[in-house]
Structures are given as structure tokens and as C-alpha cells.
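Heads up, the next two complexes both have chain A, just with different partners, chain B and then chain C.
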Partner chain A sequence: MRKRSNWSLPYLIFLIIFVVLPLILILVYAVQDGQGGFTLGNITRFFTDKDALSTFAVSIEVALETTILCILIGYPAAWILSRREYNKSAVTIILFIMPMWINALMRTLATAQLFTILGMNLGKGTLLFGMVYDFLPFMIYPIYNVLVKMEKSYIDAAVDLGATPWRAFWKVTFPLSMPGVASGVLMVFMPTVSTFAISEFLTNNKIKLFGTIIQENINSSMWNYGAALSLIMLIIIGITSLFSKDKEQAEGGLV
Partner chain B sequence: MTDTIIDIKHLSKSFGDKQVLNDINLYIRRGEFVTLLGPSGCGKTTLLRMIAGFLQPTEGSILMDGKELAGIPPHQRPLNTVFQRYALFPHLDVYDNVAFGLKLKKLPKEEIDKKVRRVLKLVAMSDYEDRDVETLSGGQQQRIAIARAIVNQPKVLLLDEPLAALDLKMRKDMQTELKEMHKKLGITFVYVTHDQEEALTLSDTIVVINQGKIQQIGTPTDIYNEPVNSFVADFIGESNILNGTMLQDRRVSFIGHDFDCVDEGFGENVPVDVVVRPEDIYFTKDPAKTQFTAVVKSCVFKGVHYEMFVDTDTGNELMIQDYDPYGVGETVQLYIDPDDIQVMKKERVCNTLEGVWNGDYIDFEKPEFSLPTEGLKHDFPKGTKVKVEIPFSSVDLLDDIDGGLTNGEVHFILYKGDHYHLTIRTEDRGYFWVDTQDIWDKGDLVGINIKNKGLKIQPIEDEKA
Partner chain C sequence: MRKFAARAYIWVLLILMYAPLVFIAIFSFTESRVLGSWDGFSTKLYQNLLTGNMQGNASLLSAVQNTLIIALIAALVSMMLGTIAAIGIHNLKGRKKQAITFLNNVPMINPDIITGVSLFLLFVFLGISQGYLTVILAHITFCTPYVVLSVMPKLQRMDSNIYEAALDLGATPAQAFWKVLVPELKPGMISGFILAFTMSLDDFAVTFFTRGTIGLDTLSTYIYADARKGGLTPELRPLMTLIFLVVLILLLVINIRQARIAKKNYIKQKLYKY
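For the complex of A and B:
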């Protein structure tokens, strides 16, 4: 009889071709000059490239702002959705989650059209709106999941020990829901750093994000520098995910 | 200061149209260990949660030290709860769990420290301060849950089946500890359990609850020796519950024999329930003492005593506990002391339903069903309100739940020596009581038919003011 582990072979091949190989290619391109020789110039160039650095700063700023806005809007939404007394049917949660079913690009284009029709100036405000609109479900869902599964007796116990409902929330519900928030942050922050379509459509490229620069470089055949920038972004995303990993494992926020 | 700390008056609670508690009246004395005892779903936890403030009464009031508790939110009530599954905060260590209530009160740090250490010592968990609560065993978590509650020095400690999640050995140990803790602290304990043995062991007072009503309040000895009805007798300890007839004062007939007893005031020739505990039936060799004979059917060693089932000469089955075994098949002579015969008024002698005579059918509202009038000798104008009395033996139970006039679930089973007395609950929470020889299990779904035998139908006079 063949070993079960053989069944994973197709997936392994898929992973190698579509994940590992591209990563290696990024790494190889990032440390090559145009002629194919080894160089760290592409990477050091980033640190002297004022344009790239400021875009990078803007990207992180926008990603942070988006994430914070998503928490501020998403947490209360998730909390209300998780309460039986406020949310009597599953329909509401589906309404919140539904945007996830539609391609983000389509939604962004539609949002841009909406702003144009309303005659609004495209800029930072519209960018943040689009970002939050696109990524909010990714924040709500993991938080909702944690809150819904949380035993109600914890809150009862806190109230029983003398906490007002408000303090019971801050001392018990909120800390216990942190794994959900961590998952949400991960799922919002990481993709917002690398997005470029939203800024392109919602600011007419007035605001450039890091993803935009990478795209521009690759589009103008500057493969090596583009690859180097991608590598830097990957490392940064990797660091964020490490940062929230221990918390996530503790409770399993997502799913 | 009065002796009463909690006074519950005419308390009722409904969830929607489902009544969970019905007119509860109960007072709890300061420093008392009171147990609310009943089968699951009887409403005991609901009662506890209303005292704690998590639920609001539908009707009635709860007074604490003479003050109405309704309207006071749970966080302001001077009582604390030990929850069924402990509900320890998983993000805090043992120390912070115990200090939770004190920190909310903004006590100085040294005082919190002192109190936490003292209470951890009391529950023998001193060395566990920094431990993560999830690394503790069930019994240890239980101790911390108790410590977390009593560190706030509540006037009343509410305990919601606190030992239910522990294994038997652990449960016994914790029972002893709880009892000692209660003595040491002097706090009033209100304890909820479905375990009658636990209730008998721990309590000063037991409140037996069934179907949302208080059945009996009394000391463990009272409840055990003098159950007021067949439910209490059956729920507390082992018992033989039998149909009997009170012949006259101090004279009762059951299992086909007449016995002297100590009960009076029932009247003459009144049907009653008789309870005899299995340890109160004695074997004798003396023909003068012998009241009846029986054949031993089974004999099982139970550790301290032997448990025997015997068939009496009149065909009733009795359970007997004795230190000496008797052989299966052996004919034995038995007697019962007058003191050990507990006579109880029958709660009901038949099913009494009120309905409307509609010609071909009598329509009943609760339980909702229609009884065909074909073959009944009565006749009334359409629309007459009638009272129908259906003997227990005229209710037929069917395997086919759609084969009868209505259907229901076997809710409670009582063995009465030669037949079973079942309580059947219909979907709309109406009840039928049935005498049957057939064996059903609790929870069985059954069809219900009414035999046209012994039914009594009378018109109801319009209500007079």
C-alpha cells in the first residue's frame, strides 16, 4: 500500500512552483545587477532613495491608520454582532461579511465612481475610506469569532465581583478578545502595506504607496530594484506576523 | 438585626410563556447553609440567578436585610457567586483572579495583598499565587473560585452546583471542606445541587424544588424521615412508595395488609401514599411480630448492607436493606414499625381536566386535545363547560406517538410496588398522570389515548363572584 504522505505530492509541487520558486526568484533578482552579477546595491539603494523611503513611510502610515480605523469601527461592530440581544438573526453578520465575497478591485472601482459622481476630491480621505471599506470585514470577522465563543460566565463573574458592565468589558471581555484583534490586525495591516490598486483608483495616484513603487519599477522593467523592494516589504510583513503570532496561537482568533 | 437575611416572597419567573418558577416563598436565616435541591430543569438555578441579580423576577420580591433587591444591579449586591464551571478568568493568574473584586473596590495594595494571601491559605492554595489558572486541576480551580468569592466578604455566598464537575472522591473531600469553611466563615451559604446525598450531607436546611414549585422545606432529617409527598420521598434516598388507604386515625392499609401507624387526621377510608424506607422493613422469626410474608427475589451486596427485592404474599414488590443477606427463593417474615410508616396525602386521585362540550367532542385547552364523546352516557348543550375526571388507569400510553388523541413525554416515573405511576408532559406543558404495568423510560415519547372507563363528567357552573 502506498503511504498516505504521497497524497500531499500534488500540493507540494504546487507550492514549489507557485510559492517557493517565485520567492527564490525575488531573492535572486534582488541581489543581481542588470548584467547578472551579484550586488547588494539594489537593497542599499532603497535606503538612499528619498522617494522610495518617503513612500514607504506613507505606506506604513496609511496601513497603520487603516488598521486603527478598522479596529475602532470593527470592534464595536463585532461586539454588537456577537450579542444575541442586539443581533437576533444571522442575516446581519452575513451583510457585514458579504463584501468579502466580491472582488476588492471591483468594489474599489465602484467606490471611485461613487466619489466622482459626488464630485469629491480624491486624496487621503478617499484613500482611507476605500481601504477601511475593503478591509473592515477582515477585522470584524476574527473579533466576532472570538467574542461569540467567549463564555458568558466570565462577564457574569466579573459583574458578580463588583464590576460595572463597562468595567467588566475592559477588564475581561476586551483582554480575552485580543487574539481576535491580533488576527484582524494581521489580516488588515499586511495587505494594506502592499496594496497599490486602491491608491491608484481612489487618489488617481496622487498618493503613492509602497506597492505602487514596486509595480512601477516592475512595469518599467527595473526587475532587480523592484525585486529588492519586494524583498524588503516581505521582511517587514514577516516581522509583523511574528509579532502577533504567539497571541494568535494561544486562542486561535481566526476560523 | 433580624435573624432573616434573605426573604423571598411570591416569586415567579417566566421565560416567554414558559413558567419556570411559581410562587416561591422562602426565607433564609443568617449564617445558614441552605440547599436548593431538585432535578435538572426544576428552576433552582434560575432562583439562584435571581438572587444574584442576573435575572429579574416576573413577579414577587426578594428582600435582603429587609431591603428590596429588585432594581439593584448584580455588581452592587453584597453577595458573591461560585459558578458552575468556575468561570475563572483565563487571562489572569491565581493571585489576580482572587484579587479581582478587591482591586475593583480600589483597596490599598497592602490590604489586597494581605486578604488574598489569607484567603489562599484558607483554601490551601498558598503556593499557587503565580500559577496560570488553566494549569490547575478541577479541584484546585474550584478552590480558587471559592477564594475569589469569599475574599470579598459577601453577606451571602451563592454556589451553583460547584462540585458537579469533580470526580466522586474529590467531591467527597470538597464537601467536607465546604462544610468546614462554612463553619469558619459564618457566611450564609445558598447552595444549588441536584445531588440529594450532597444536600443531606451539607445543609442545615434543604429546599426541595420540582417543576418550579417548592415541595418541602426542612432539615435533612425532616426531609428524609417525613417527606411530604411522593416526589420528595422518591427523590431523597431510596424508598418504597405505595398506594394505601387510611382506614382511620393510626390505622393504614397497604400492600393488602393493615398496619398501625402514627398519622392522624386524614379521615376514614381516604386514599393515601405510603412511604416506607428500605432500611425500615425488618426480618423476624417471631410469628407474633410477623405482619406479612414475602419471597426473596434478589439479594445484592452494597458494601455496608444487602439490598433485597422481595415479592409479598399479596404480589407487591418491596425493596429492603439489611445487614444480613437472605437467600433468593427463601420465604421470609417481615414487619414494619408504626413509627417508620410515613403516610402522605395524595396530590391527586385522578386527572382532572376542564373542557368544553362541543357535541361530538370535548375540547380541552391545556393539554390541548379533543376527546370524542361517542359512547359517553352524558349529553350537554354545545358550549357547556365541563369538568372531566379521568382515572389514572383510564389513560393508555402508545408507542405510536401519532396514534392517540395527543402525545407527550414521560417526565417522571414512580414505582408503586405493583405498578408504575407516570407523569406525562405534553408539548404545551400540560400533564397527564397514568397508572400502568408497562415499563417506560424517562424521556420516552408516547401517544396518549383515553379509555372510556370510569370517566366522570360534570358541567361547571358559571363562576360565581
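For the complex of A and C:
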């Protein structure tokens, strides 16, 4: 037994080289000037760079709006799909999750093309529309998963004890489904806040998101500033994932 | 009435979600170079795609080929690395186990762009010239955690005594591994492999940052470059249609099979009970 724990060693070394070291390198490059000297200039540059700051604000805004829209549209869908009286067919569920298995770039391209043909102006509206299109399955699926596994007798008990179905939903079903919502938020917010190609397609480059300026800096060999911007995104992601994880654990303990 | 409203909601959502895909599929059956104009029914784009006879767009086929080769290699290596890692992690205890599990989660939480940028910096730092190898290494990095997560539950459910019993009964460790461990873990390994394969196929950002400047294209980076140029290669339409169909059929087959297995198990359980 003791010996087999050594089997994790190759992977541990792999993780250190390809996960830990690269993340440290982001930090290192972020606090270096072009010549390799220490500087905080890259980070302070971001906070004084009006364009970067407004792009950052737009990204957070778009990601939040997409996430909220996905919850508002996706939750009812997940709920309906999880109820036997409304949906008996597994094919409907497969149809809902199928887009998760198809290249997001391809789907976005199809969406953007359709918008253009329909004569819609590519901009903020199409960006939100397209992002919701792309990420809705990632919200529906985890919520559906939680709802379908939920003990139905809890709701029956609430109703037997005199709760209206509406009240039973808000007091029992909804709180119990929070872990699903939390992982849905994680699966929608993270990619939307960090995307770059998708937003370019959907707005015809009119609206820049934070991911785009990271990509532009890296591609034009401004590695240090690009790394500093990546570091800022990493911090946002870290905060989000901590928040969702706490939520998940807290709610998970309830069951 | 409520039932009708619920069904209508689901169907409206599905129709909206699938509109772009159906739109692409319809226009894959016309020759028009420009998407959205209908030049009459034709299967010429399919013929072009399948015979590889594309005017100046032959790189689409090599992009498809690259995508498949990279996904296959990355998924295979991830499956082996991840399975061995899962066995190791399963046998670790306490802090060490927590630490490596946390590290395993990092690539899954990291957004693609961070994984891409950080690996780009790694390869720059190490002075490795970027191309096929770096893309495959990068894909292995974000695929392996999914394999570990797929194999772990199988290990937890497995009776660890069987492996020891095999050793006691005179099996060499290699025999015990191949004849006892691997068959037990196979379902987890296979689902890990499929997950890894599809993650790799789906990837754009990580490939974009680690492919270097040698002109290596996968389907994703090809589409990205193509869309930026403006005119979209018409043969992408039949290609996308075929991919949608293959994925849909695969999912249906897998799910129908799973439903059948679940049903069989259910009946078996009932039989044992009575």
C-alpha cells in the first residue's frame, strides 16, 4: 500500500512544471520590466490606463449580465426538465446539453453569421445574446442535475404541512438547488469574464473585453504587461471560485 | 394549460438554441460562396470537403487532421498519466492528499486564457520552440485532471483487498495491475479518455497561445483566423453540419446504452432482492 502512493509522484512533478511554475512565471513577469529588473510599473500602469480600466469594467459587467440572464432563463428550463409530468423524454435533455460538446467558436460563429444575415447590428445586444446562447447549457445542466436527484418527499412534506406549492418551491426546492446554481455560475461567469475570441466574433471587434487586451499584449510581445493583466484576472477568478466553493460546501452540508 | 406553457417554454428555447446550427446546416447544401444567399440545392461543398478538392483552402483539411491527432495523443497520454496519478493519490493520506488534489483542481478552475498565457510564458522561459509538442503538452495539462476525477470514484468503490489478494496468490505486481486494477478502473478510464478527447477538440485559447509561429492550425484556430479575414471558407458549413450530426448521434447512442444498462441493473437488483 505504502509503495503505491509513490505512483502520484510523476503527476506531482508534472503538475509542478506545467501548473505551478507557469503560474509563478505570470507573477514574475508581471513584476518585471523589459530588462528583467523589478518593477510594479506594469500593475500601476493598469490602474492608470483608462482604456484598460474601462475594458475591465465592461468585461465584469458583461459577465455578470450573462450569468444573471443564464440563471433567469436556465433555472425554469432546468426545473421543467427535471419534472416528470412535463418532460418524459431523455432526448430533450440531450438536446439541451449537446451544445456543450461542440466547439464554442464554431457555435459562436454560426450565431454571429445568423445575426448578420438577419440584419442585426453587432454590438452589446448581440454580444449578450450570443454569450447567453453559448453558455446557457452550462447553467441548465448542473441545476438540472441537482434538481433531478433531489428528494421529492421534502416538497411533499412541505405541501402536506400546509405550504402552497409556490412557498414550498422558494423555501425547499430553491435553497436545496443552490449547489447547482453555484456550479452553474462558476461554469458561466469564468469563461465569459475571460473570453476573447467569442466577443470579437459577436461584436465585430466593436466591444473589447479584458481577455482581448491580454491577448493583444501577449501577441505584440508586451509579455510583462500581459502577465500583469493576467495576474489581475487570476485574482478575480480566485475570488469567484472561493465564493462559489464556500457556498457549495455550506449548502452541501444542509442536505 | 400549465403543462402546455412548460412544454412551450422548452421548445421555444430549443428552437432558439438550434436556429444557428440549423441555419448553417441548410446553407451547407448550396454552392454560394457567401453564407445566406441560396444558389439552388447542391452537394458540391460536401464533395469538395470529402475529396479534399478545395480551391486554396486545403489547409482546412490539415487543420482537421491536426485537431484529431492532437486530441488523440493528448487524451491517450492523459488517460495513462491520470490513471496512475489517481491510484497514487488514492493511496495518499492527509495533507499530501489534500495538496495534490488542490493542485489537480487548479487547471480545471483556471480560465483557458490563463492556462494559455502561463504555459506560453513557461515555454518562453524554458526556451522551448513552440509547435506540435508544446500544444500537446498544454492539452495534457488541462485534460489530465478530468481523467483523475473520472478514475477516482472507481478506486473508492473498489475493494482494495482484491489487489493485495492477487499479490498474495503469487501474481507479480505487473500482473496484478493489468489483470485486477485495470479491468476494475476501465469504465472510469474510458469516460476520462472521452472527456479529455472532447476537451482537447473544444480548445481554442490554450492552443492559440502555445502553437508558436510555425503556422500550426487546429480547427479552432483556423476558424478564428478565417473569421478575422472576413470571408468564411464555404466548406466549413458542411464540416460543421457533419460535426453536429456526429456529436448528436454519439450522445444519443451513449445515453440509450446507459439507459439500457441502468434498466438491466435495476432488474437485476430486483431479482436479487426477492
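Just so it is clear, the second predicted complex is superposed on the first by the 245 of 255 C-alpha atoms of A that agree within 3 Å, B and C clash if a C-alpha of one lies under 4 Å from a C-alpha of the other, contacts with A are read in each partner's own complex, and residues count from 1 in each chain.
The rule we apply is simple: a residue touches a chain if its C-beta (ideal position, glycine included) is under 8 Å from a C-beta of that chain, and two chains touch if they have at least 3 such contacts.
None of these values were measured; they are calculated from a predicted model.
> With the two complexes overlaid on their shared chain, look at chain A and say whether chain B and chain C clash or fit.
In the superposition, chain B and chain C stay clear of each other.
> Figure out whether A:176 sits in contact with chain B (first) or chain C (second), or with both, or with neither.
First partner only, chain B.
> With both complexes superposed on chain A, which partner does A:23 reach: first (chain B), second (chain C), both or neither?
second
> Tell me which of chain B and chain C touches more residues of chain A.
On the superposition, C touches more of the residues of chain A.
> Per the contact definition in the header, classify A:153: touching chain B only (first), chain C only (second), both, or neither.
first
> In the superposed arrangement, which partner chain does A:10 touch: chain B (first), chain C (second), both, or neither?
second
> Between chain B (first) and chain C (second), which does A:57 come into contact with in this model arrangement: first, second, both, or neither?
A:57 contacts neither chain B nor chain C.
> After lining up the shared chain so the two structures overlap, which partner does A:164 touch, if you call chain B first and chain C second: first, second, both or neither?
A:164 sits against chain B, while chain C stays out of touch.
> Taking the C-alpha centre of chain A as the vertex, compute the angle to the C-alpha centres of chain B and chain C, in steps of 10 degrees.
80
> Between chain B and chain C, what is the tightest CA to CA spacing in Å in the combined model?
Shortest inter-chain C-alpha distance (chain B to chain C): 5 Å.
> Do chain B and chain C touch any of the same residues on chain A, and if so, which?
Correct list for chain A: none, the interfaces share no residue.
> For chain C, which residues count as touching chain A in their complex?
Where chain C meets chain A, its residues are 3, 6-7, 9-10, 13-14, 16-21, 23-24, 35-36, 81-82, 84-85, 87-89, 91-93, 96, 100, 103-104, 106-107, 109-115, 117-122, 124-125, 137-138, 140-141, 144, 148, 160, 164, 198, 201-202, 204-205, 208-209, 219-220, 223-224, 227-228, 232, 240, 243-244, 247-248, 251-252, 255, 259.
> In the complex, go through chain A and note every residue touching chain B.
The contact residues of chain A facing chain B are 151, 153-154, 156-165, 167-168, 171-172, 175-176.
> For the complex, give me every residue of chain B touching chain A.
The contact residues of chain B facing chain A are 52, 54, 73-76, 80-81, 83-85, 87-91, 100-101, 104-105, 148-149, 152.
> Using the touch rule from the top, collect the residues of chain A that touch chain C in their complex.
Checking each residue of chain A against chain C gives 1-2, 4-12, 14-15, 17-23, 25-26, 29, 73, 76-77, 80-81, 83, 85-87, 90-92, 94-99, 101-107, 109-114, 116-117, 133, 136-137, 186, 190-191, 193-197, 200-201, 211, 214-215, 218, 223, 226-227, 230, 233-234, 237, 241.
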